[in-house]
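As structure tokens, here come the structures.
One chain, subunit A, appears in both complexes that follow, with subunit B as partner in the first and subunit C in the second.
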Partner chain A sequence: MIEQRPGLSITTIALLVVIFLQIPVIIVVLASFSETSYLTIPPQGWTLKWFEAVFTSSNYLAAIKNSLILAVGATVISLVLGVAASYALFRKMLPGSEALTSLLMSPLIIPSVVIGVALLQYFTLVGLRGGFLVLLIAHVVITVPYIVRSALASLSGIDLSVEEAARCLGANGFTTFRLMTLPLIKPGLVAGALFSFVTSMENVPVTIFLAGPRETTLPILIFTSVEMGVDPSVAAVSTILIIATVAVLFVAERWTGFHRFV
Partner chain B sequence: MSQMRTGLLLFSPLLLVLVGAFVIPLILLAPTSFQEYQPGAGIAAGSFTLENYIRIVADDYYREVVVRTLGLGVAVTLACLLLGYPVAYLIVRGNPRWRLALTLLVIFPLMLNLVVRSFGWIVLLTNRGVVNNLLIDLGVIETPLKLMFNLTGVMIGLTHIYLPFMVLMLVAALQNVPRDVESAAATLGSSRLHVFRAVTLPLTAPGIIAGSILVFVLTISALVTPRMLGGPTYQVMATLIYDEYMQLLDWPSGSALSFSLALVTILIIWMSSRMTKRWAGLA
Partner chain C sequence: MSNLSLDHVVKRYGDLTVVKDVSLGIKEGEFVSLLGPSGCGKTTILRMVAGLIEPSGGAIRIASTDVTRLPPNKRNIGLVFQSYALFPHMTVFENVAFGLRRKGESGTTLDGRVNEALAMVRLPGYGERYPRQLSGGQQQRVAMARAIAPRPSVLLFDEPLSNLDAKLRDEMQIELKRLQRELGITTLFVTHDQGEALSLSDRVCVMNDGIIQQFAAPEDVYRRPATAFVASFIGKPNRLKATVRGGRLTLGEGLDLRTDSALGADGSATDVFIRQEAINLTPTGADDANRIPGTIALRSFSGPQVQYVIRIAGGHELVVEAASSGTASHLEHGQPVTLEVRPQDVLVLGESVRS
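Take a look at the complex of A and B:
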């Protein structure tokens, strides 16, 4: 039998592409520790002053806080609403479950910028413009498909007889779900929640139309500040995000074997 | 019927949120797109016009932006396919010990904040950026190359950002190709290239199409990277929508453009899902 293995040229090209994928990350980290405000290779001198600028800037701190509250809030609400709805779909409790599933997934199909302008116009019309609640609702809309997708995928792997056994032993519907079903779908839900968190955390196209000056999130702050040119404090706050991403990915991989869910 | 009641109880909270904060807002975008915009005064009440849609194909500037957006979609998709296939092939067919590390290196940029990734390219590509400095120091060029606020910058940025999606789709497709089939072809005397062309490539076609459609749709709807690397002058549809709503306050034009963009993405996804269903029926 002749094994088909990638040859040297394919391997080289593939590895170069994987390096290409990491280049902006490496550059951002270097820029954030570099003395000069424009990064040179090799960097001329090292400094932590850009990080100090981030941690002493009330703008950055407020934006980081807003982003975290929004991402955690939207993910928790999406988890509760999304898992409940997915469970109803999975157990075929409602007619037309295929159409209902498409409805829940449709925020992924519509371009985010279109969702953003539609919500801007709508909330202006009903007089709800600005404010944290509006942002939270919008983020639930854009994050809930990730929860539904992972919940439905995990639920479809469950043996229904497990639930039936629990019911036979006298557990009610909710107890059965909490003690039998939920632990079985937990790894998938952790992955879904992570996607939801990341999606909320990086969203610009919806947030930028809805956030007032007091609700500015971190990506919005970076997005608008680069229009004034390259500021090394942006590199510093980016490095913080990079470290956080690596840490979260590492924990998620250890915890749930995250790469299987992507 | 108690099951139906439980179902409604479980489903309706999310349904309410989606109908109230997604479906109705999108529908309400439609009337605006048929209204007249009067500079300075805003939307003319009670007016009806098709002008906002006609302009998208008839006006030179709008047509340029639409053609550029769709062209970028095709170019970025092809670039992702060409760059992504070797990576997916190495992940699936290469040394199993590398698999996890390579997969995580592909997922990592995907999980990283989009704004951060685009910012990284700005540091690299700007006039006094890393690439230009390096080339000047090496004596390759004397004056900085224009790598940003044009096709080059947007193309590099978008390809970098959507490449992981393509790789992951191709990995899934390649995993479904039985190794035996490739080995059989090779045993029967096919060259490596011929095995790839005659066996591997056709068998991964569904994955190639799925990945291409995903990348194309994501590219034509992208706002952040085209604005950060293309600047305010190199416009695509999403950035033009953004400017029409936020700067020009021409909501009728903006909503007509939004509807057109959404329609293109929905049509493409609908056609592709019909295509895959037909294929699945044949298999």
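Take a look at the complex of A and C:
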């Protein structure tokens, strides 16, 4: 195969697109260092006081804690349920596997607002109102597709005879899953779990219908504080999120080479 | 070490029967090949013995124990896959140790058994490598070491050499035969390569269309094929239409052939098989040979052999193989020649049809 190097014009366009897409990120990061009590670009003066404000605000700290617990909890539950479901679907253990797969993936396509309304109605109907459990269930619904998608993709990359070889060498079904299937799909699962975590962390449209005042998550808090008048602590907390995300992606890429699964 | 037997084994997929009532007994320590074209049911049989496919009917016994309904992990078998199926996330050592660990081996016993198996396949010191760091032939050896390390009752091979290049395949054939002899493990070897089956096996089981055509020693399968399918599948035979007339076989006017095979009723039409390599192109030969006059229609040189297409009376054409170093290696197009075939090489097989 001949390696095709892109021409200069293509490179320029690609670079411009990347810059264009990153402008909002750059702006919010810059704004978080401004000394003014309103958001402004370019920043006037340099200060870390808005970061300090975030870390001393009980509201922000509570919201960050809520979001982290929710995102970790939803991702762990989605991993267990999603991997089990994907394995059954991939091995065609159930009738109508294709239809079931589409059903599990549907939260990716259905607008989040619709899911939010639907879940609100559903929980009201079954008598579950507010509370952390409701949020957790909702977040599992919206994060499970990411796990299923990456698990199915990883499973299709496994040579079936590897599992058969393990069986012939004396491993029972569960041992084979534990020692062959799981390690072989792990990189894909790490990627899926990251997507799941980020999806839960940043979700507004579903959460806003279901979260009570005690369960306010970080994106909901940012959303409402922007409504009530913006001060640069919003930009600061956003900057913290951006840095955290970049750090996690960097570690995950080093660990699993996970760009192959995105 | 044990024997393996299949008793009226059947496998159906819906309306399609891929294995039709196959019964087969393999003696302790015996090396048996399942040989046939793709789709003949040989791999299905192997996978049923391994427990990866459940038979629709019949029974499979390993060491006189009925294993028909047992899962693969309870059968004590070793299976070598065409794709090797090495565990990509484990080192060579862990690959080979996998079966031993499932049997509860650990510590120095485990180390010893793994190293012994690696030494047997001539890969000592490769334990720390990963499968992707090995060549195809080395991966093949690891797959073999992994299969033999737990000392299975039966070794199963699913076309294990078909992914190797020709030279390496020959080496591995010898290696495999030596290994099986040393270990004395009952072996079932699936292949579509007749050379492989004939040279490796104690007995060859030729299959077609889900049915055993012949189960015999390699020499018998080659020299005394039981059915027309076996005769046409093994070796490179010429197939001619002949008629039985007056107790003799005739290809046409004045073209009688003497044969050692039993003949059908007078006037019946039959297929005659003569192997390319059984025809002698030198002008003198044994006195009892059939002599057929013909002319060279085509010559093709393929290294150690020269192939001729020879036209004889009655519109028949025969393919003849001659050694490049022999006296019949430089015959030219259109040159008249005499073909000599001994009566024992004229094979009359299959259903005789009355004309």
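Just so we're on the same page, the second predicted complex is superposed on the first by the 247 of 262 C-alpha atoms of A that agree within 3 Å, B and C clash if a C-alpha of one lies under 4 Å from a C-alpha of the other, contacts with A are read in each partner's own complex, and residues count from 1 in each chain.
Keep in mind that, in the parts below, contacts are C-beta pairs under 8 Å (C-beta built on N, C-alpha and C of every residue); 3 or more make two chains touch, one makes a residue touch a chain.
Because the structure is predicted, anything quoted here is derived from the model rather than measured.
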Just from the overlay, do subunit B and subunit C fit on subunit A, or is there a clash?
-> fit
Could you look at A:E164 and tell me whether it touches subunit B, subunit C, both or neither (first, second, both, neither)?
-> second
Is A:V198 in contact with subunit B, with subunit C, with both, or with neither (first, second, both, neither)?
-> first
Check whether A:V76 is in contact with subunit B, with subunit C, with both or with neither, and answer first, second, both or neither.
-> neither
For the combined three-chain view, what is the angle at the C-alpha centre of subunit A formed with the C-alpha centres of subunit B and subunit C, to the nearest 10°?
-> 100
Hey, is it subunit B or subunit C that touches more of subunit A?
-> B
Considering only the touch criterion stated at the top, classify A:T175 as touching first (subunit B), second (subunit C), both, or neither.
-> second
Kindly classify A:L136 by the partners it touches after superposition: subunit B alone (first), subunit C alone (second), both, or neither?
-> neither
Using the superposition on chain A described above, determine whether A:A118 touches subunit B (first), subunit C (second), both, or neither.
-> first
Min C-alpha distance subunit B to subunit C after superposition on A, in Å, is 12
In the superposed arrangement, what residues of subunit A touch both subunit B and subunit C?
-> 173
Residues of subunit A that touch subunit C when the two form their complex = 159, 161-162, 164-173, 175, 179-180, 183-184
Subunit B contact footprint on subunit A (complex, rising order) | 1-7, 10-11, 13-15, 17-18, 20-25, 27-28, 31, 38-41, 81-82, 84-85, 87-89, 91, 93-94, 100, 103-104, 106-107, 109-115, 117-123, 125, 137-138, 140-141, 144, 173, 194, 198, 201-202, 204-205, 208-209, 218-219, 222-223, 226-227, 230, 234-235, 238, 241-242, 245-246, 248-249, 253, 258-259, 262
Subunit A-touching residues of subunit B, taken from the complex the two chains share | 3-4, 6-8, 10-11, 13-15, 17-18, 21-26, 28-29, 32, 83-84, 86-87, 89-90, 93-94, 100, 102-117, 119-124, 126, 128-130, 133-134, 160, 163-164, 168, 179, 182-183, 186-187, 192, 195, 217, 220-221, 223-224, 227-228, 232, 238, 241-242, 245-246, 251, 254-255, 258-259, 261-262, 265-266, 269
Residue ranges of subunit C in contact with subunit A within the complex | 50-52, 71-73, 75-79, 81, 83, 85-89, 98-99, 102-103, 146, 150
